[in-house]
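So, here come the structures, one by one.
Same chain, two partners: chain A is paired with chain B first, then with chain C.
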Partner chain A sequence: MLTVALDAVTTAAMLFIIAAGLLIVFGVMKIINFAHAAFLTVGAYAALVGAHLNLPWFLVLPLAFVAGALCGGVTEIVIVRRLYKRPLDAILATWGLGIVLGQLITLMFGREVQFVQAPISGTVHLFGADYSAYRLVMIVAAVILGLLFTGLLNGTRLGLSTKAVIMNEMLAQGLGVDSSRVRLITFALGSGLAALSGALITPLSSVDPNMGVPWLIGAFMLVMVSGGSLLALAGSCAVLGTLQVLVSTFVNPILGGLTIAICAAIVLRIRPEGFARA
Partner chain B sequence: MNSRLLTTSLALALAATTLSPAFAADPIKIGVPVGLSGANSVVAPSVVQSAELAVEEINAKGGVLGRKLELEVADDASGAAGAQKAFDALIFQKKVNVLISMETSAARNAGLPIVARGKTPYIYTSFYEGKSCSPYLYVNAWVPDQQVPPIVDYFNKEKKAKNYFLIGSDYAFGRGMLAFTKMYIEKTGGKVVGEEYLPMDGSDWTSIISKLKASGADALITSTAGGAPNVTLTKQLRAAGVSLPYGNLAVDEGTAKGMGADAAGIYLSASYVTGIDTPANKTFLASMAKKFGAELKTPNDLSVPQYEAVYAYKAAVEKAGSTDQDKVLKALAEVSVDGPRGTIKMDKQRHAPLTMYLGQVQPDGSVKVIQSFKDVDPGAQCPGKS
Partner chain C sequence: MPPLIVPALLVALAAAVILVAPLLLDTYLVNILVRACFVAIAAITVDIMWGYCGTLTFGQSAFFGIGAYALAIMFTEYGFGTWQIFAAIGAAVAVAAAVAAFTGWLSFYPGSTPLYASVISLVVPIVLVQILYSGGTFTGSSSGLVGFESFDLEIETWLRLAGLGLLATAVLALVVMRSDTGRLLSALRDNDSRCTYLGIDTSRLRIVVLVLSAIVSALAGFFYAGFGAVAAPENASFAFGTNLVIMVALGGRGTVIGPVIGALCIEVASAYLANSLPYVWELIVGLALIIVILVFPDGLLGAVMRLVKRGRSAVATTILQPAIAATAVSNPDAVAIEVRALGKHYGSLAVLDGVQFTAYRGELLSLVGPNGAGKTTLIRCLSDGRERSTGNVAIAGHDIARLPPDRVVRFGLGRKFQTASVFETLTVAECLRVARTHADPPALTSRSATLALPPAAMSVVERSGLGERLDEEARNLSHGLKQALELAMVLSLEPDVLLLDEPTAGLTRAERQGFADILTTLARRDRLCILLVEHDLDFVREISSRIIVLHQGRLALDGSVDEVVNSELVREIYTGQHVSHAEVPA
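== the complex of A and B ==
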């Protein structure tokens, strides 16, 4: 029972880490960045490169973040900027970009599965059960990430401008907020977060050109039911992540993989604003 | 001085032409439909390389019945749709005399009707889930009846395992392998305490691992899709501190090497490992290294059968005295080949008894052979057919 509880919490933490970048982009720009999976993969390969260069883990994470943020910044300027008024085309364009990035990675690193050693291995004895140490680290990472972004949004000038753009872009522009700069920074930040999450999950996952794709649909659904709020995202990750673990454990892992998508669809049907305060 | 150099080189060139064997008739064409793109793209280059070596060696010794061998490689994209195109092009446009190839089961099944229309002999060189029968098909790689028993027998005897837990990817090969494993475990007195599957692209094994830990199993056998699922499962097992005897039906030497320390301790069962200590294997490995140098893809359990199958076809054509399809098909069951894996004869319902090796991955990623099982019978794969 305890293991199930730990599984639920760590699963929720991983989902939160992966979906946070997508949520931030969606919150500010009202577009879904389907290249999120590709940026996640970029981060994982950055971690791989870092590992080959024997960089310590605390340097690998910023490296992944910067790699993702750079990719995201270029993407915003070259592609996404032109599509703010056409959110559906933006989905298509970012999805296509994801395929292109996947192929570029294949060309550079090859198609095969690669490996990054975990910085922390083994198990921790916790409340009478042995549990994977790295999964527990995920909880800490999720909490730090959540706090950092809450701080960024509520405690800085950039956060204030961002919130102004989220609430009423026209008005914000009228007050002198450079909304295109806010959008650029937000997109780069979201992409950097995606890459960071990729680097964080590699010790539990494999590194291959399509590694991000299985995570994308879950993250997308979670963002849909969270409606742009970080707190709501934490809530939906906790609820849906727990449900996924329960279904996987007590019914069948194949159905478990579908739980988030199905539950999110049901939640949206009953309550279109999802877990966000209306 | 200059004219002397010219004469010498002319003489040398002349000597070279007369020394190389003269080939009388048209070449014999070998079609190799293989997954150069898609799921098999990682392993396919090694398969093509070993076929190239076999053809080069045979041609250097005068070919087959005085005719040169020639390879026709076609991409089947690792799937059914690509295989239909590749088989069609090879059989009806390139008019190949035989098909020899490692492919996915989907590609093989899609190609067989075309093989039947063209009445072309087809040697399949990939291990697979078994029971594929066609009058034109021969198989020189293992089936579950050959791969699973070494691991289960070893766990039963040496590890005193009674309760087994099975984990797989949800597709035909994964489920087929584990269905046989379950039957074999129960036949030998063990019990299966859990059997769990994740979709092929699944990468989160959390709850399955928790169930494994709660199940009280004393041995674990997995059969996932190759590549990513296998890696994620192994890493998460190790992260969760699972240290049960762990038999992996889908890992190969290359993957084990790449996985590093996480793979250490895994048991695998194969008809070929590079460490087989025979002169034939050493000669083969040296020739591969010489021909391909830095480009060499490590020979493996999928590429070595390909090499031997080319020799099996040569022997069958020589026994038949022609490339006549009916005669060659009959002869394929009667000839035997001495190759890196030992002496192989496809005489058991178009399948071959094989010597299987039980290996354990070492901390440095190499595979140590623990035990070998001589000439394991493929069992009844195509009852009623000789």
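== the complex of A and C ==
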């Protein structure tokens, strides 16, 4: 029972880490970045390369972040920027980019499944149960990420500009906010976070060119349900992540994998604003 | 009819090619082409959903897969035979239609966004594939169903049948999409909310289109599986669904022919290249998709067609005629709008509070007040039953309850938006025809040459000069003409109540005067009740029969033009002097 509870919390933390980057892009640009899964994979392979080079873990994570942010920055300038007025085309183009990145990774690294050693191995004895130490690290990572984000949005000039763009882009432009710069930084940041999340989850899952795709739908739905609010995202990850773990454990794992998508779809149908104003 | 000769010849030519082709091609290519034809049929359904209706869908593969599995499961469980064929077709159609109806219910409701519908369309194949995986021997799990007896036909016959099936689907799709009904679907894509405010239940329309295209896609999948005697989870997967979208995007969305060419080319090319150039082929497809979307948004065929069309000017063909006059106004002074204790709150912030007034037919009522007084919010609350927080609204004697705008419109309400809201890619005549959907249901297979308009709409069309530009696309009109077009569209509904939100903003003096004349005629002669939001007090003074002042969410004044214009409050509001809240009579 305790293991299930810990599973629920750590799953929610992982979902939060993965969906956070998607959320800020959705919040600012009102598009879903379909290349998110590919950026996540880029981060995972960055971690793999780092591990082969015997880099210490605290260097691997920034490396993954930078790799993702660079990909994201270039994507924003070359593709997304030109499609502001055509949001559906923008998601289709990012999907095309996802295909391209996936195939490039396959050509460079092969399609076989690879593994990365966790920096912290073994189990921790917690409340009378042994639990994977690295999974617990996910909770810490999610909390740090959430706090960093809140700080960034509420405590910096960039955060202020970003909030202005989210609320009223035209007005923000009129007040001298360089909204295309805000969009560029947001997209790079979101992509960097995707890669960071990829690097963070690699020790728990295998690395392969399509590893990001299974996470994609869950992350999409969580972001839609959260409607651009970080707090709502944390809440939806907690609720839907717990449901997923419960269904996987007690009903059947395949149904568990679909829980988030189905529940989120039904929540959105009944309550179109999702959990955003709950 | 001479204009039909060329298309008829083209269809005959295509049919001849399909019948002869199997004799000239090698078996491997014929094999690929048969599958490609069925995939192309599914691509046409994606084009209708996306290119014409504006819903980007990744889910058509799910219906294709349902068709494939209906056949495979039936033939595996009960063997091959006549009744099994019909039962399998029935099951394919029924299940696909049911799943599509449910998906449609999830995706399309008043207020749903296109992005949301796209994401739902992505969920459907993923859920279906997981169900197939967990179906054990019934669905063959991850390896699918093979080894059942299926149609015993020569491969050449298969290609002829598949090719003719594709041709028939394409011709049918083209005919319907070019008909008045097809234009209605394009109107949905261009401007969903304008459609809603023309009394069209857009959600239901989208669901109907989804169900029909799901059935076609399921039939394509049915024969695809029948040909190969295999049904695999890949046939239903979201990867296949996105491939269909890529085919449509590359070929040219909204053209029917483009997606067919895209599907055939990609299917044949993948069959030859996927083995010799693994990964690189998919890389090329991904790059091609990005480039086409950035550079040729309407795909390769769209780009070619634009080159051909350049230089060819539109030929005026539409003839205006008066609609049979609706029954004469029975009670020219009846109550048109009745608002009781209306309130609108966002949390603790009250945007409107206790607003109460009655308006009669033949009145031209102006709603004035400073920015942020709640004028536009009030208009929204009158036209959309779900907007207000408290109170009651009745339009022409009907309580609007919590009804969505398309239902409120049917009580006799017409709303013109602040910025001209028309269908950009439709011609003026098509825009007006869409507005007449409720009175003249659009033809399914043909385009009408005539356009019947009620007198009020007709007079706006004639006075504004739109009458000479009926066959021009709305996006090419000036701002003033777009405003006039939207007004004519709203009047085509033959409303009893007309809501106008700053209709004269950005108009020239002459256009403004024309507008004033039109409005006064509508109120006096046609006995419409007009509620006008306006900032320009001179304009208001000139045309109004009564003025309502809204201030800080409350109804501050309600009286004749002289009473209101000369009141202390209005002078203070408009000269910018502070009026404390306490002094405002509620």
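Keep this in mind: the second predicted complex is superposed on the first by the 277 of 278 C-alpha atoms of A that agree within 3 Å, B and C clash if a C-alpha of one lies under 4 Å from a C-alpha of the other, contacts with A are read in each partner's own complex, and residues count from 1 in each chain.
In this text, a contact is a pair of C-beta atoms (placed from the backbone, for glycine too) under 8 Å apart; a residue touches a chain by one contact, two chains touch by 3 or more.
All of these numbers come straight from a predicted model, not from anything done at the bench.
Asks: Is A:123 in contact with chain B, with chain C, with both, or with neither (first, second, both, neither)?
Replies: A:123: touches chain B, not chain C.
Asks: For A:134, decide between first (touching chain B), second (touching chain C), both and neither.
Replies: first
Asks: Counting only touches as set out at the top, which of chain B and chain C does A:79 meet: first, second, both, neither?
Replies: A:79 sits against chain C, while chain B stays out of touch.
Asks: Contact-wise, after the overlay, does A:268 reach chain B, chain C, both or neither (first, second, both, neither)?
Replies: In the superposition, A:268 touches chain C alone.
Asks: Considering only the touch criterion stated at the top, classify A:257 as touching first (chain B), second (chain C), both, or neither.
Replies: In the superposition, A:257 touches chain B and chain C alike.
Asks: Once chain A of both complexes is superposed, is A:205 in touch with chain B (first), chain C (second), both, or neither?
Replies: After superposing on A, A:205 lies in contact with chain B but is clear of chain C.
Asks: Return first, second, both or neither, reflecting whether A:169 touches chain B, chain C, both chains, or no partner chain.
Replies: neither
Asks: Would you tell me the residues on chain A in contact with chain B in one complex that are also in contact with chain C in the other?
Replies: In chain A, residues 254, 257 are touched by chain B and also by chain C.
Asks: Can you tell me which positions in chain B touch chain A when the two form their complex?
Replies: 41-42, 170, 196-199, 201-204, 206-208, 210-211, 213-214, 227-228, 231-232, 235-236, 238-241, 255, 258-262
Asks: What residues of chain C sit close enough to touch chain A in their complex?
Replies: The touching residues are 54, 56, 105-106, 109, 111-112, 114-116, 118-120, 122-123, 126-127, 130, 133-134, 242, 245-246, 249, 279-280, 282-283, 285-287, 289-290, 293-294, 297.
Asks: Mind listing the chain A positions that touch chain C in their complex?
Replies: That would be residues 30-32, 79, 82-83, 86-89, 91-93, 95-100, 102-104, 106-107, 217, 220-221, 224, 252, 254-255, 257-258, 261-262, 265-266, 268-269, 272 of chain A.
Asks: Which residues of chain A touch chain B in the complex?
Replies: 3-4, 7, 10-11, 111-115, 117-118, 121-123, 130-135, 203-206, 208, 211, 213-214, 245, 248-249, 253-254, 256-257
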